[in-house]
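Notes to accompany the following structure.
Labels A, B and C are assigned to the chains in the order they are written; within every chain, residues are numbered from 1.
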Amino acid sequence: MTANPEHVRMAEALLFAAKEPLGELDIAARLPEDADIPAILDLLHKHYEHKGVNLVKLAGKWTFLTAPDLSWLLQDEKENTRKLSRAALETLSVIAYHQPITRSEIEEIRGVGLSRGVMDVLFDAGWIRPRGRRRTPGRPVTYGVTQEFLIHFGLDDIRDLPGFDELKAAGLLQTEPSGLFDDLIRGDDAPPLDPEEEED
Amino acid sequence: MTANPEHVRMAEALLFAAKEPLGELDIAARLPEDADIPAILDLLHKHYEHKGVNLVKLAGKWTFLTAPDLSWLLQDEKENTRKLSRAALETLSVIAYHQPITRSEIEEIRGVGLSRGVMDVLFDAGWIRPRGRRRTPGRPVTYGVTQEFLIHFGLDDIRDLPGFDELKAAGLLQTEPSGLFDDLIRGDDAPPLDPEEEED
Amino acid sequence: MKDNGLFNVSDRLDAEEAAASSGPGLVVDLDGYEGPLDVLLVLARDQKVDLLKISILELAEQYLAFIEEVQKLRLEVAADYLVMAAWLAYLKSRLLLPEEPEEDGPSGEEMAERLAFQLKKLEAMRTAAEKLINGQVTGRDRMRRGRPEGVKVVRHSRYDCSLRELLQAYAAHKDRKGIKNPLRLMRNAIYTVEAALERLERMLGKVPDWVDLTAYLPKNLKDPFSRRSAEASTLLASLQMVKEGQLEVRQAHLFGPIEVRARREKRQESEDE
């Protein structure tokens, strides 16, 4: 550990003033060449570990955030913010779990048409972005979530989204999924399902 | 000094998260009743004194700002502030040092009429505000500077203006008209003005 | 009046000083000045003494010469410059002539002092403005936090939504829609009909007689969901193979075990393939 205290001060100021989380390369680019970035970040991380703000790594980048146990302090004046509509919330979750996904795939999954406003709201919130195009007829645009999405929801990686079983275990699913094979297994007289129907 | 470490963490989180400087009352309102706010602030102030980020008192309120010696490092984070014209900057200084001051007193000190645009720019920036009316014929409006002015220019109090005490001691901050060109312009003695101001 | 940049104040003053020191006769463009007091201040600086000690007489002469020069060049001179010229000419005469004791108003000396004081005040404000703008400006010299969470309003989330809400929305939606739209994340757990078919075809040749269908299930399925999926897919695969004439299937009694075996005539063929 050879973190020069002056370099630590610089990194601290940079991370504090930055409008976005900073990657180690971003910090290295602004500090003197001989600065030992990992040692500096390690030191800062440890230093702020038990403070009111912590230095945390989000989406592979570093930023100061209020200590999670103190977030309630900042909450009671959040009422100015708007709630997402149910449609927007559901669309956002579908995109997060299925990205990259096209508009028509979202509609297919949700079983309803997507009104223009819903995507606008999600774009406005800075949570979704166009990712590319499907190599299918019409080359439809695919969508995915943004880094801001990860930061907002405190995820380091999209793969950190809980899987289905975890959702169930966390009580987020009130009922068991209506089983795919229940009929088949319980009763012989049930009509066999066409497997192609389930695989979208 | 009886600053509870948990209270210190809470104040630290609040001050980091706040978008505007926080007054001691603002902080007290969110901390447990038994929190010793001055002791907490004193402790935080000392703790951050030599760091990349300092706890600073602006306009009587507290905020974290990057250390002044590191400004060279943070060129990219500079906020885009509108450049003030020389006339606007000079007018702003005259108002700050002489407040409360009327429009015609500003003109007298600067020796030139005040174009409408100048005051507009200062109002727009949120740096000046009407303070009241003079108890003189015509009851002219007086102007003063705002809290945002103090915050923007890094001042805790109006007395922290550069050279304020010396200028005041030298009598250079009086707003009484010099009566200089009266003989020529008005030809007769102007009625003696009562400099006392009436706060609306 | 010209609007010079906020940070150019000192440049501007330097330029004025340079111009002023090269003699008033050369500085004839009034556009650069903010009124007669501004001209006087620039001229006064030429004397390089404390403004309270300058020679107002000299200053008055300089100003009058300056205005005369401007007029010679037929440049338009605003009225206030001329008023100042008239006033200075008057002051000059008061200063030069012996004071008459019975005269009203302030003496020439007093007027000169007041003028010097007013110049001093203006200069003080110019210096102050410069110091103010060269001080520690918040957002320029000292930065605020770049991403404040906000105690009042949360800037980074104009739309408020917690992870829990997001997950709940997904789970609820999933629940509502049932299995018609399987989750992609479930697919790993699903034992597909294709996989069951492949496994059944591969293993069939190795077992000569009736065998419980469950024997063909993969052995490594711990998760009950995956196991049920495998059971169903294997049954579907067996029915498919019956349809293709590769397999025979029987069930001795209701809810009894389902047994399968390869059709004898087909066994040979499938081995050849």
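Simple rule for what comes next: a residue touches a chain if its C-beta (ideal position, glycine included) is under 8 Å from a C-beta of that chain, and two chains touch if they have at least 3 such contacts.
Here the structure is a predicted model, which is why all the values come from computation and not from measurement.
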item: Innermost chain, where centres are averages of C-alpha coordinates; value: C
item: Taking each chain's C-alpha mean as its centre, the one farthest from chain B; value: A
item: Centre distance in Å when chain B and chain C are each reduced to the mean of their C-alpha atoms; value: 26
item: Chain centre separation (chain A, chain B; CA means) in Å; value: 42
item: Between chain A and chain C, centroid-to-centroid distance (C-alpha), Å; value: 21
item: Chain B, residues touching no fewer than two other chains; value: 14, 16-17, 30, 64, 66-67, 74, 77
item: Per-residue multi-chain contacts in chain C, two or more chains; value: 143-146, 149-153
item: Chain A - residues contacting chain C, complex; value: 13, 16-21, 63-66, 71, 73-74, 77-78, 80-84, 86, 88-90, 92-94, 96-98, 108-111, 121, 124-125, 127, 148, 151-155, 161-164, 167-168, 170, 172-175, 177-181, 184-185, 188, 192-193, 195, 197-200
item: In the complex, chain C residues that touch chain A; value: 143-147, 149-154, 156-175, 177-186, 189-190, 192-193, 228-229, 231-233, 235-236, 239, 251, 254-255
item: Contact footprint of chain B on chain C as seen in their complex; value: 1-9, 12, 34-38, 40, 80, 83-84, 86-87, 90, 105-106, 111, 114-115, 117-118, 120-122, 124-129, 131-133, 135-146, 148-153, 155
item: Residues of chain B touching chain A in the complex; value: 8-14, 16-17, 30, 50-53, 64, 66-67, 70, 73-74, 77
